[in-house]
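What follows is a group of structures, each given as structure tokens.
One chain, chain A, appears in both complexes that follow, with chain B as partner in the first and chain C in the second.
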Partner chain A sequence: MEKDLSRRDFLKNAGLIGLGAGTLLSSVPWMSALAQENTSKTVGEKVRIGIIGPGSRGRFLMNFIKKNSKAEIVALCDIYQPSIDEALKIAPKAKVYDDYRKLLEDKNIDAVFITTPLYLHYPMAMDALDAGKDLYLEKSMAYNVAQCFDLYQKYKSTGRIFFVGQQRLFDPRYLKAMEMIHEGRFGEIQAVRTFWFRNGSWRNKVSDPSLERLRNWRLYKEYSRGLLTELGGHLLQVGTWAMQKLPEQVMGAGGITFWKDGREVWDNVSCIFSMDDGRRITYESVISNKFYGLEEQIMGNLGTVEPEKGMYYYESGTKDGSPAKPAPGFMQMMTDVQNRIFEKLPFAGTSWEPEVAKDVKGNYIMGEDYKITTDGTQEAINAFIESVITQKQPERIAEECYYASAMVLLGYDAVEQGKILTFPHEYRLNYLNHKHQAKQTL
Partner chain B sequence: MKETVITVRRKKIEIWTLVVCFVIANLVNVYAIQKFDTPWNELFWSLGYVVTTTVVIYCIWSVIRLVVYGIIGLFRKKRR
Partner chain C sequence: MSSFEHIYKNIDNGRGMLYAWFTAMHTRVDIAICGRNENDLKAIAGKVQDKIVQLEKLANFYDPDSELANLNDITAGTTAEVSDELLSMLYLSMRYNELTDGNFDICIKSDGYKNDMCVDVEIDLCNGTLAKHRYGIRFDLSGFLKGYALDEARNILERYAVRDTLLSIGNSSILALGNHPFGEGWLVAYPGAEDNNIEVALHNECLSTSGNSSSKRMHILSPSSGKLIEGAGMVSVVTRKGAEGEALATAMFVERDPAKRDAILGRFEGARLMATINNLD
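On to the complex of A and B.
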């Protein structure tokens, strides 16, 4: 009962109850999988799921799958026995494989979740789609842009259901924020500044040195693209979602500046993604200082949204965005006098004054009483399961996920090569402002 | 403690001083309304600021007077 209530609350918050093909569904069509009129038709159905790579992330997802009565975890595959042991505690009846190809041959499995290290995504996902399995792939999609494009084409040609773990697409805070942004409440979005700061080594303790690369795959270039693919994809997807525009170019810089422990991926990286009209999305990660945490700052000429905090702020400083009432003339004059006396810099006699950030309390995207109970992962999994049952791929989700991965991978290449890179036309989809052009026609 | 007497003349001077301060504060308000192009009803709605400014000007004027009278008094003492 509690589960039904929270789900109902989510749908209500997201505006999906009673909306049918309403306003929200037209801008976020992937939510149609969760619309009441669709989910009520699939009651009693059961999707049989195999998990390839039930490590920590895999088990995290398994817990959400277990909460869905329309799904059952029937198989597990891993080469690391401790992961299998832990996963069996969640799904004790699951059949265990040590070769994912054998799992894919199992006709008893409808869909697979792939939660393996990044470098394995492409071969496993291609094989899964070829085997006729519907696929939920953890982000990022693949190890490079070419692989992502191949995988997208494979999804299109096989017609299977294909989701990538971009759970913000289902997070009520983000859905509501995007609705407000696309209504124009914050004016035209001029820039999106994203960052993810942590203070930690990102390293797992390894008892046996021979397992170092297996357990700490995120730290080695052979297996991972580091902070960009592990963190950046989530944030950049929010940026293009807000702007409804895809970048033309990317440049960046990165290095190992603090955690000099033998790792190969950068612990300090920054990228600028620029649109054809000069607007930008930036991404920055440092893992030796966590003061600013994680955020996407979506900046319009009328206001700013910080969906991670669940807040928005108007430039005017007022609650409803109306123009701020000017202070009485007397107060303005006193402030003027005060500024002349106290705030003028003592050197050089300049009129420059530090423009520090406004200390504005802001407004809550979901209302003051809203408690964050989901980051969208449960809803993303529910939507996937519904889609597998109905065999209807929700619109735009594969494209949003493709670009989230392709952008960070291109960003990685830009940092690695120290160049400004243009998004290759042959890897563009016909999506938003991008148009695909086959290589030979360029 | 010595009994002190505030003469009628002194009272009149202080009241007039306060009135002058109040007028000056209002003139400052008129100037501010013109300069920052704010509504004229602030002549009434900003009375709180005006009264506060009146007191501030009065206090400053009082301090100036005390200092001046103090210096004059010192010179007179020396001459005696």
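On to the complex of A and C.
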């Protein structure tokens, strides 16, 4: 009961309850899986799930699956026994495999979650779809753009349910922010500046040197594409979601500037993704300074949104000519009320005249009282489970996830090659401004 | 369709204060509304916004598509059907013209203006019609509309049993209903002489201010001369109704004779003249 209540709260916060197939659902159709009118029809159903790769991320997702009464974790697969041991604490009745292909042969499994190192995503995901399993694949989709495209085509040809772990697509702050952005409240989005800064080695401690590459696979190019695929995909997906446009080109630079510990992937990287009209999305990560943290700064000619902070800010005027800023007297009153103070409001006088904005204080996307209780992961998993039950793939989610991965992988190639790369036409989908062209017709 | 920026502060048990702001009637509108949850307060503020926007569309002197503009286009000797809402505004305005000894006059922008033009306007409330009996009569409700909007907003708030609200249209037309969450009434301050703020406590009242914020910004016509009133200065009045506040503030700014002012003020029950400031510059 508690789970249902929290889900209702989520939908209410996201503006979904009561909207049915209304405005919000038309722009974020993947949320339809969580619409109350749909979830009420699947009560009593149970999806049997296998987890391939229950490492730290896998177990993180398992805890969310456990909270959904319509799902049951029935199988686990890993070659690293400590991960299996920890995962069995979450799902004690799960059958254990050491070969994922055997797990995929299990007819008692409806769907699989693949949370393995990046280089394994493609073969395992292809096999899972071929085996008729519905698939929740942790991001990024695959190791290179060609693999992503292949996998997308496999999803289309098999007709299975296919989600990738882009949980911001289900985060209430992001949903609300995008609704406001797409209403034009911040004008036309000119640029999106994204960054994710940390100060840490990104390295797991290893007791036995023979386990180094297994445990620290993220640090080696053979298995990983580094910060771009592990962090950048989330941010860039937000950028194209806001702009409703996909980039034409990407350039970038990267290096190992601080953590010179034998790793092969960059600890300092930047990419610029440019649209055909000159607008751009930038991505930057440094993992030896965390001062600026994590953000997507979505910049329209009328205002800026920072969804991670849950804030938005106006420039000196809004599109419809509304006063951009709250009145100082009323703002003072709101502060007084917060402090339970009754004071005079110095604002009355002759008719107001437009002023020039100087200091812009932010506004809360979800209201000041909103408490962050989810980053969207629970809802993404719930939506996947609902989709498996109904066998209805929500619109646009596979495409959003495809481009989130394809962009960062193309960015990786641009940095690696030191070139400005154009998004290959043969790897474009017919989505937003992109049109697919088979290679031989070019 | 309402659309505004807002901030919400929770006060206790899901009840809070919502502050919303938007543009209407060529100015900014600020509303602080209390006592419900955020969604309810947003919805009610939206109703208020919708009403203000609707009134603007109906009675905007400068909008050629407004009903008022169409009415201004009819020729002398013609009788026109008028919507209830516009007719009630015009009727009230004519009444306030009488009560202010002609110092408040919505006909002031008529062609060939004379300060007795109101007498040649015939309003038939039973049949919902208006007739002009003189050439050139045009009505400008700009100095009245904000106050009337305060009264209409009050009706909406009462319909939804909202007790505590502060609504400002352009800072010069203020409705204070009920109480601040942590005090009695609402304390509003406005600029007085020599940079001293004047403070007034409002409780179920309106504060209307009329005047020139600077000597370069003149916008009020004198019915006696038909010319803009020069010089910086302002007058504030507290009234029970917003519409009468607009008429009275204008009249108090136009009429400079203290005895005549007192006579006019006495005709508005409960009205208080708060301040007369000259030389704001």
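Methods note: the second predicted complex is superposed on the first by the 397 of 442 C-alpha atoms of A that agree within 3 Å, B and C clash if a C-alpha of one lies under 4 Å from a C-alpha of the other, contacts with A are read in each partner's own complex, and residues count from 1 in each chain.
Heads up, the rule we're going with is that a contact is a pair of C-beta atoms (placed from the backbone, for glycine too) under 8 Å apart; a residue touches a chain by one contact, two chains touch by 3 or more.
Since we're looking at a predicted model, the values are computed, not measured.
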Touched partner set for A:Gln332, first chain B, second chain C, both or neither: first
Which of chain B and chain C A:Val206 touches, first, second, both or neither: neither
First (chain B), second (chain C), both or neither touched by A:Tyr364: second
Which partner reaches more residues of chain A (counting touched residues only), chain B or chain C: C
Which of chain B and chain C A:Arg340 touches, first, second, both or neither: second
Shared contact residues on chain A - chain B and chain C: 326, 330-331, 333-334
Chain A-touching residues of chain B, taken from the complex the two chains share: 28-29, 31-38, 42, 45-46, 49-50, 53
In the complex, chain A residues that touch chain C: 314, 318, 320-323, 326-327, 330-331, 333-334, 336-338, 340-353, 363-364, 367-369
Contacting residues of chain C [partner chain A, same complex]: 3-5, 7-11, 16-17, 19, 21-23, 27-28, 30, 32, 38, 166, 168, 170-172, 174, 180-183, 186-191, 197, 199, 207, 209-213, 217, 234, 236
Complex interface listing, chain A residues touching chain B: 326, 328-334
